[in-house]
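What follows is a pair of complexes built around subunit A, which joins subunit B in one and subunit C in the other.
Right, the complex of A and B next:
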């Protein structure tokens, strides 16, 4: 492939191998011949024969930019290759005779070698081929291969797993193994490598999702460990998810209501600053479990003294101490981010506002708050993500939430149950983070949007 | 030949803004020490001095951003300490060096701030914004909906000045408003400022550390040092008779050249000029005369200058904007244009570039001698 460079920018690319024709083409274009020249990628020191064909060049890209992207691409391609190779040496899934019995490795390494290999190898080959031949034309192939890369491990779970399990008795089950996680990681890297996600990728992801749902509906995953656990929990599962959301929501609500005014006070008064920040730092260093435990005694005493409180759910154990501890943890990012957001507002803007005759309330309402909003929201977002994770600990002092799955699973030595809890927590975190990102974009003043993200 | 150019003198206009014996102390540090200053109404008062001399502090005392430790400032009949700070500030436009435009508001919303705070009607405000933007030479159609980050430094300063003029305040406080822009833009902004001030006649208090800017803009020049006033007078007086060595050093060695900044081209330009669309005839430019003849194009823009030097007629093409001056250009710029054109005079052109008059070297000589 040849690229034409004008003023250090890629202006024309061609896949033609005929250098004479390229020269002719360049003469047809109206750029002065001195600054316009043909540039064979293979002739620059960074290129090799293979990557020469491997890239679709966006127009207008700077040569240096293009070269560094090419280098980056090649490094990632090597990593993907390595991860794929390694994944084949680990079990793709584990089978168990019952919930807590020992793991029997399954996959290419031991059990069910042939079917696994048959299902995994072809998509892997296509994917690697598409990766190496990455060009404008192979974009679609890469999208297609990515979808296959997602579907192949699913196929192993749907077809090979049940077959192995059926030989192990009625309580047998299976769960994804490290090989599969590695394999999926490699596929994920392929997606991350892309300059941008194309329509083809969205279609591929949608197809993969549809196939999962169809297979699930058909009952292909019925003996998958996490699903068995989820079924055992029944309606309790959704209850715990809702409880988790509720505990997190109330905690964040409290710390927003307390934290933002506190940040304002801290901003106004130097003495408060000296008091609040060291206190927050200490609070943040107390280990989670310790803080949860510390609250049991005072709250228990309180509910003992005022039995009325007990009726409102305030007692030494349960959700109340958890919510109190979680909101204390969330205070740190909320106050820190809000404080930084308020104090980093350009002093001249505030001076101008005062000089124009705004009252101090107007300075806050018209100038400081709108400008600090993105920063404050970022603080809440960090606190939210952190709290969703920490809320797992609520179970340890008798609270609800997804911690119930994790800690009961640990107690029963059931890996699948722990995994189910963890996956749900991750899903909640990602969802909350996404929703907040959108919220931040919407609430950021138009002219400030280009800076944040 | 005009008689000596007349620069409006600073007649005793009753001052309605007076600082009487004000001092500002921060603990041990004395920022202002017993400053008494009567701001002449409808004139430009420029405060100048080395950094830390208290010029900005004086300005901020006037709109109560800084509280005076002793002394008082009177605005009309009342002391500003007795007035509500917000009311006081809304009566005084305020423009600062870093402009301080609200980054989350459009140009319109920025200019509109004070009228909005004062509760003006929407229709009035929209019209006011258009008027102000036109006044600072920004096309309202283009700039109204832009955000501050889309403006150049000079444009932002213009918006800052428009904002300070927002509610048509009688007093304008400007704290190094042209300090943060490049020299060329600064000169343009100064020209604009002179034009606007002639039109609006506000009582302006202007802080700068640039002596050329100060001499150029001031009707009343106040030189400060270490929180005290060293000399306060018209720039002519100060240039002619510096009070002490500090003032003399501060004015610099080119005092007579600085004097030229006091006058603008329209003070002393000849409006009867000899011009035509063709080459000069014998009658238009008699042999040996020291007059100039300007050849203009169909639009009336000068394109060539003719004059007699050493018994030879010489022609000088006018190709760049440095060859001509505008009515608001200072005598210093006229001098520079004369030198760069190589003629005994330079052409004065109006805003559209049409020939308006000429400034002769002899006139400049007369000024520097007067």
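Right, the complex of A and C next:
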């Protein structure tokens, strides 16, 4: 924690800066040298070489208040330990004799000694972390706890698998239970409580991944329900994934092509604003699931009246109505965010541009568009995430995509199939979200970037 | 974007009206409220009304009602699911929101906000359907999933609401010798209330739509008729459920609007 303390008051705080950089910064700023202190409870501030992250402290905060924040890690550790403890009371896995038979819960008590000890290791490390709480070493402890927290449940699954197969017959399978989900939640909090992800964490994640692959190669997960389902689907699985991406992509493409010009028009004309926004608001109160169904009859009637349309795939059921519904639904965030982005541009910037003699087109091209880009992209990102989720529902009107897995799974009461579908959808969502976050960061004009943002 | 990438939800289904409540505005609000409520009651209580309206829009369909359940039953289930989840998340969200904006809990604020933006990337349908493998089938998992999903808008808005209380107000409250609770209740809460209210309204609207998806995991609301309409390729059934949900949304919006503008 680097703070500059003057008269017992925090006058300068920096986040995640080590002493070397702190000195460097002060040279760069050509200011009187910043004093970079590590402050520990009950000690006078000592200058030190390197430590973990600093919290952003408000200027002028008293050192006494600062101390209470240092207990933060202990409080967090207590919460993590609580979640770990609760998770042990729930079944860690479920075994089934076949894919839809009743589930046989298995708790931590039924595991052998070794996996149990392994599961207990991360909480122990967190406990240690809370007790010693000391600069660099404790941060490493946290990284270890995180990695082990990911590895331990995997080890449990790999251990349970072969054992289940031997006792329950040839169609036996197993799935993770609520205890394991809670356990992983605790691990997620461990990662969330880290101020930043360090190289050690990446190494840890890589090790975890390598272990998974090795165990998978060895066949330890052969009886894991999700993998069995994935294997049953075979090439159909990749087809549905691609279909899901295609449906989402086309829908977003349409709503971007329609939405952004519409946002421009609404920005220019007050009358359009009065027309478009109430309409969008009404559209938004219709649940996504219903919008699909409402299109069945009109589109069916349309394709009956004009048989030509049916050749293009426009009919009551299938992918086309799904795409139409999805793009209608995605319009709201796109128009809303684009409109806000354009209208929240500082008026003085536009005035300055006009004062420089720019034509209306130049103002748009050089000033407004670049400044509105992050906002517009943000809208597309929101729409994209929403559409990937809603595209699941396309199956209900005969469309393709991962909804096929989900709803067939629900129909057959097959937990694993639903889980497989949902995990893939979430993976798609997270990937799309990340890509857009990077895009937004890259395309944000330098003038809009703020330090630390 | 807020300080932690949190976007407080401010959108309303109604355009902002200028402040200041005149008697005419108040009367108009009441008339709108009564109209929506009457339409809702009329629609859900009589099958004749449903049949008439739906056959007007979809003359080619023959089936206009669900075979096993009446709209009234489904609406009751839908409302209890939505209101239950919204109330639960309002209580928990406000309590946790207050806790993390106090001195003792301030450390958790960032964690809560990070968690908030993380959860928001999940599509609502994913949250509902995931409840099936994790929690099982029935209305309880549906309620829990709705609660979890609607908790975060309220929590996030509560935190932002309390953050936006001006330090001068807190200082003067302290200067007046207020106790911890008085400071919270008299000085801060009224200032944070509009933001919290917006969060609750947002959650309500969100839950209303998401509860329709809950039908696939056994939450017996209006989603039942919508989904049977989808599987039977019958738009009339879908519309029937949609009408009620939309009316409920407008009714809720109008109520929130009237309460928040003090009419």
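The rule we apply is simple: the second predicted complex is superposed on the first by the 352 of 453 C-alpha atoms of A that agree within 3 Å, B and C clash if a C-alpha of one lies under 4 Å from a C-alpha of the other, contacts with A are read in each partner's own complex, and residues count from 1 in each chain.
Basically, a residue touches a chain if its C-beta (ideal position, glycine included) is under 8 Å from a C-beta of that chain, and two chains touch if they have at least 3 such contacts.
Since we're looking at a predicted model, the values are computed, not measured.
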*Using the superposition on chain A described above, determine whether A:352 touches subunit B (first), subunit C (second), both, or neither.*
first
*With the two structures laid over each other on chain A, which partner does A:338 touch: subunit B (first), subunit C (second), both, or neither?*
neither
*If you stack the two complexes on chain A, which partner ends up touching A:362: first (subunit B), second (subunit C), both, or neither?*
first
*Once the structures are superposed on A, label A:445 by its partner contacts, choosing first (subunit B), second (subunit C), both or neither.*
first
_With both complexes overlaid on chain A, does A:147 touch subunit B (first), subunit C (second), both or neither?_
neither
_subunit C versus subunit B, contacts on subunit A by residue_ = C
*Is A:371 in contact with subunit B, with subunit C, with both, or with neither (first, second, both, neither)?*
first
*Complex contact set, residues of subunit C against subunit A*: 1, 11, 13-15, 58, 60-61, 103-104, 106-108, 111, 114-115, 121-126, 129-130, 132-135, 137, 205, 208-210, 212-213, 216-217, 223, 226-227, 229-231, 233-239, 241-242, 245-246, 249-250
*Complex contacts: residues of subunit A adjacent to subunit B*: 346, 348-359, 362, 366-367, 370-371, 445-448, 450
*Taking the complex as given, what residues does subunit B use to touch subunit A?*
63, 65, 85-91, 94, 96-106, 113-114, 117, 147-149, 163, 166, 173
*Mind listing the subunit A positions that touch subunit C in their complex?*
65, 68-69, 71-72, 75-76, 175, 178, 181, 189, 192-193, 277-278, 281-282, 284-290, 292-298, 300-301, 316-317, 336, 378, 385-386, 388-390, 392-393, 396-397, 406-407, 410, 413, 415-416, 418-419, 422, 425-426, 429-430, 433
